[in-house]
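Which chain is which? They are A, B, C and D, in the order written, and residues in each are numbered from 1.
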Amino acid sequence: MSYKVAVAGCTGYAGGEVLRLLLQHPEVEIGALTGNSSVGDRLGAHQPHLAPLAERVVVETSAENLAGHDVVFLALPHGKSAAVAERLGDDVLVVDAGADFRLADAADWEKFYGSPHAGTWPYGLPELPGQRERLAGARRIAVPGCYPTAVTLALLPAVAAGLVDPSGVVVVAASGTSGAGKSLKPNLLASEAAGNTSAYGVGGVHRHTPEMVQNLSLVTDQPVNVSFTPMLVPMPRGILATCSAPAAEGVTTAQARAAYALAYADEPFVDLLPEGTWPQTAAVVGSNRVTVQVTVDEVAGRLVAISAEDNLTKGTAGGAVQSMNLALGLPETLGLSTIGVAP
Amino acid sequence: MSYKVAVAGCTGYAGGEVLRLLLQHPEVEIGALTGNSSVGDRLGAHQPHLAPLAERVVVETSAENLAGHDVVFLALPHGKSAAVAERLGDDVLVVDAGADFRLADAADWEKFYGSPHAGTWPYGLPELPGQRERLAGARRIAVPGCYPTAVTLALLPAVAAGLVDPSGVVVVAASGTSGAGKSLKPNLLASEAAGNTSAYGVGGVHRHTPEMVQNLSLVTDQPVNVSFTPMLVPMPRGILATCSAPAAEGVTTAQARAAYALAYADEPFVDLLPEGTWPQTAAVVGSNRVTVQVTVDEVAGRLVAISAEDNLTKGTAGGAVQSMNLALGLPETLGLSTIGVAP
Amino acid sequence: MSYKVAVAGCTGYAGGEVLRLLLQHPEVEIGALTGNSSVGDRLGAHQPHLAPLAERVVVETSAENLAGHDVVFLALPHGKSAAVAERLGDDVLVVDAGADFRLADAADWEKFYGSPHAGTWPYGLPELPGQRERLAGARRIAVPGCYPTAVTLALLPAVAAGLVDPSGVVVVAASGTSGAGKSLKPNLLASEAAGNTSAYGVGGVHRHTPEMVQNLSLVTDQPVNVSFTPMLVPMPRGILATCSAPAAEGVTTAQARAAYALAYADEPFVDLLPEGTWPQTAAVVGSNRVTVQVTVDEVAGRLVAISAEDNLTKGTAGGAVQSMNLALGLPETLGLSTIGVAP
Amino acid sequence: MSYKVAVAGCTGYAGGEVLRLLLQHPEVEIGALTGNSSVGDRLGAHQPHLAPLAERVVVETSAENLAGHDVVFLALPHGKSAAVAERLGDDVLVVDAGADFRLADAADWEKFYGSPHAGTWPYGLPELPGQRERLAGARRIAVPGCYPTAVTLALLPAVAAGLVDPSGVVVVAASGTSGAGKSLKPNLLASEAAGNTSAYGVGGVHRHTPEMVQNLSLVTDQPVNVSFTPMLVPMPRGILATCSAPAAEGVTTAQARAAYALAYADEPFVDLLPEGTWPQTAAVVGSNRVTVQVTVDEVAGRLVAISAEDNLTKGTAGGAVQSMNLALGLPETLGLSTIGVAP
């Protein structure tokens, strides 16, 4: 059985990564590749690494071109997914890599995205409690943001087990430049970004902040507050999220490690590293794996948890394919790898 | 009037940067260049960028070779400075880029460095209150660590003005690889470090932690706690320090910016950036300038302050030369620049 | 049917890449992982990206540990392969990623490697004429050098078709740092190599030079001379080889492209790019694909051909697996991909 | 005596580097800073590393704004210089960092630039024979291209001394991304350029080719032909030019080195490296120094010469300031440095 899959927004980084993974997926046939300003181009002109698709031609993102597929991936600018999705049948699996359907709180949506709230779709983070059940058979999936995936997986066991005070979460996360997309902005030029680490979206204004709060709130009754600071580092792929919160009275590193080991014992894509080993992004580049480590700083009184992911794979396209597998009733890991490309 | 200056440990990154700055200093004559395994080599073999010194020969780090200088810079492995310094006359200005004489608390020293405490020298961070007076005429100077310089300058005004609760400081700082020195470790190989961001020294174990606490404690009576996480990012130079602490009741971004503007109004090497502009390391590479920005995240209840510095310049050698200038009675900014080399 | 495969030298870059590919090969079971100074370590400590092998323990490179395998990959320092290979049975397929058995000319070997000539094994570059036949059923294979693979594939059609004078070949090739291995040399430190392009092995002294001459001489009766200059560029993986030679009288770009199109029409891993598109290394990272482009500069009178490869994949481990497939009678492309990991 | 200097095109990389150098020049006062789309912006928004000029405001590139200056630097897109220059008085020193007045041959200009030939100005490469005399007192200067500077300095002594056949020159040069300017092109995005080496302008079509031929032809009566291939490497600054040509009968490395040593004995900014040491770009970043090495490959029959420069400094703005100094009768090295910023 093979599913016919279209990708809307095939020339960007998210779309390219979806295609890279689909090309290695045994139950998928790649159908329409749609774009906007690139209509008529060979895909090879935009995604030169996808050799098997080099001669495919980009077509317009229209209901006609997206019709006749079992699955449609949307890798569109924020705010553009709803209009496309509503013209696709209810029996079509629509997997949205954009933000449009992630947030349940309309006020949060409007505050951070500035447009009317489109609604909420099942959230494509299978590692959340009960989420695999919600994704099974789903026909609409909202893929998490790249930072929220890393942060949620870093902190979920600690919050769920009551090891920390979730009202005092501090996250500082470094992202490779592909997280900013293929947009032509001066600060994303190689000459500017090489040899440069820069902060942006500081002070609670980054759009991924409410998504982190929403996720962590699923496993605690206490109020969750996240001080989130992203930074851009000079590498194409990868997120390293350093997360901390006040440790509950008496919590030790050993207890924290035990809670994480238990939480992730059966997770195919989340690995608690051996004690003393800390995550590094290079080890997960190209893979759907997230590595995690945790410790308790007894002097500062904080539990510190760090995760590394590939922002384009587990942080976007890999998480999307993992959720697609669950929605289609396929083995969750099909077509996905825990093997990174290093050095 | 020209001062004759020797550099002990001339082949490493700190020593090289000291020499780069001294070559551009109008009141300095470069004397002995000493090393260890490199004795007999041309300096050009180790510091190919220092063209004017290419044919100088590295000599042994001995009392004989260091004699007859007005100033001696020590850029030695930690723990090696005391033995060298005690053989230099009290009238010689000794500027130690190592950690040996930074910490006042012997217990902290022994906990973090594992060797007997050598003592404390005047601390080469002129921006601390009253520190210029202490450095004037000093003949022994302990240069701050690269991270503590960045973190102290990011947080000092907020702590001094009581804008934050200093017991809840969280620092996550990204450093370029030169911060780790020219040591031959596998994780510092280009193939490993390129495209890689990695955490290390997590959970309160990094040696610069007590130095941050010591500095911030100078301007507050309240207890100071710092949760410090360093990370290595793929660039040769630069530190971006993201620092936060619980904001005091009712503190606004405008108040915070006003406090920082006041604190740094007359500082030649610390710039509060225009509102909305956040520090980036590339803008300060090669310069002695630190850029700072601050905001208050009212939802998360934290003040966030970020600084960028060149870890080798203001973070090490530039801070050393700035302190040397003060000790010698020269203009503080002599031979130092606020102009970065970018892109 | 599954082949049991051992890898000797599993902690280096070549060994790691062999393992990365074998993990994705459907007919292979990974057996002994041997090393030297790393004996007793978890493989995860050396190859953190190979998650499925993280808990495997490195054992000594001994005849005992290598016994009982169908295939043994040798990723050892040059000069070490013969001693290991001679203790392995004639029925075992030994694939040597080192240089020891590449050169047919003993004088060349001794001139460039300075040790006695060990002999010659079938050469693992299936794209050479008649080479697939020689590799079928072979039980000893010498994997080509990374530069010779790129250069040979760039120039072979031009030399074979008589489009150039092979006595005037000039090659300048840029390599990522992994080509230099995981050796702890100062010039390979991230701080040194970042932001740096440097030449080395200039003037005909690089060991890969005679191998290029040997390969190109297979398709011409004329004397072949190669002026080869390698350079190190700041990226972990990839080789871009710029090759040129005096064009034969009247040869046009169209003729050259036609010759290349014909030569590579059926090659699964070599792609002539569309006219006007030039190779870039990022598009082939992690893949076994080589991209090639050719033009004739009529003013300068030279044919210019450029190729891009991943030095660790097609340039080493991918070429090795491709040759293994041929030797074992498996489909040549099994377990290998033409899809790169980008950006 | 201080000269008032304007910079037209102050927000780009060439203009920024001119300003970085002028800020460190003791005989210069910085006047108007002009731009186009950036008019009204703080300079700090575009050149955040130029702290002393951060609050300067960009004004329009008009005759009015450029009036009243002793020196005007033009860092404009190609083809835009003539219209600006003709409105500046003959007594104003105009230094054009663009290509408009470099080529003497109108047919070459039209072939490579596609617009009418504007004429020729004194060429700002003082290392050419007799060029210092031509620059003394000049009021119009055409700054060389970045590649031609590197290539000319690498090959000039060999061609002048008849050590090579100049009809067979092959140049392959790697450039950092700033050489492509601050233009918003997809291939210059950090995500694309990081970890990537790519060829462009292959086959004799790069605009700097005729400029190389023009320069080398100054010192030989023989025909000069240059096969030139540029490539983009992932670093912000630096050019490494690998140049070769058929060696004249019997020429040895020792003879070549002697010729280069003689040619560059008195040059303040060109250094022949010690035998066995090859140029690397990192050692000259931020400096006006060019390093050169030469050898003869007797097997391949070619002399190989390699040079490294900072494309923005000696390759553009440094060469411009050096020529300005000569034109104004100032010491040639004033405000320029041979000290690089490394690592």
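One rule holds for everything that comes next: contacts are C-beta pairs under 8 Å (C-beta built on N, C-alpha and C of every residue); 3 or more make two chains touch, one makes a residue touch a chain.
By chain, UniProt protein names: A, B, C, D = N-acetyl-gamma-glutamyl-phosphate reductase.
The structure displayed is predicted, hence computed values, not measured ones.
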Contact-richer chain pair [A-D vs C-D]: C-D
Intercentroid distance (Cα basis), subunit D paired with subunit C, Å: 37
CA centroid of subunit A to CA centroid of subunit D, Å: 45
Contacts with 2+ other chains: residues of subunit B: 13, 176, 178, 191-192, 194-195, 234-237, 280, 282, 285, 343
Chain contact topology (line, ring, star, complete or other): complete
Of subunit B, residues touching subunit C in the complex: 13, 176-178, 180, 182, 184-186, 188-195, 234-236
Interfacial residue positions of subunit B with respect to subunit A in the complex: 168, 170, 172, 174, 176, 191-192, 194-200, 202-204, 225-229, 231, 233-238, 240, 242, 244, 246, 253, 278-282, 285, 293, 295-302, 304, 306, 308, 343
Interfacial residue positions of subunit D with respect to subunit B in the complex: 13, 16, 20, 23-24, 42, 44-45, 47-52, 54, 178, 194-195, 236-237, 271, 274, 277, 280, 282-287, 289, 337-343
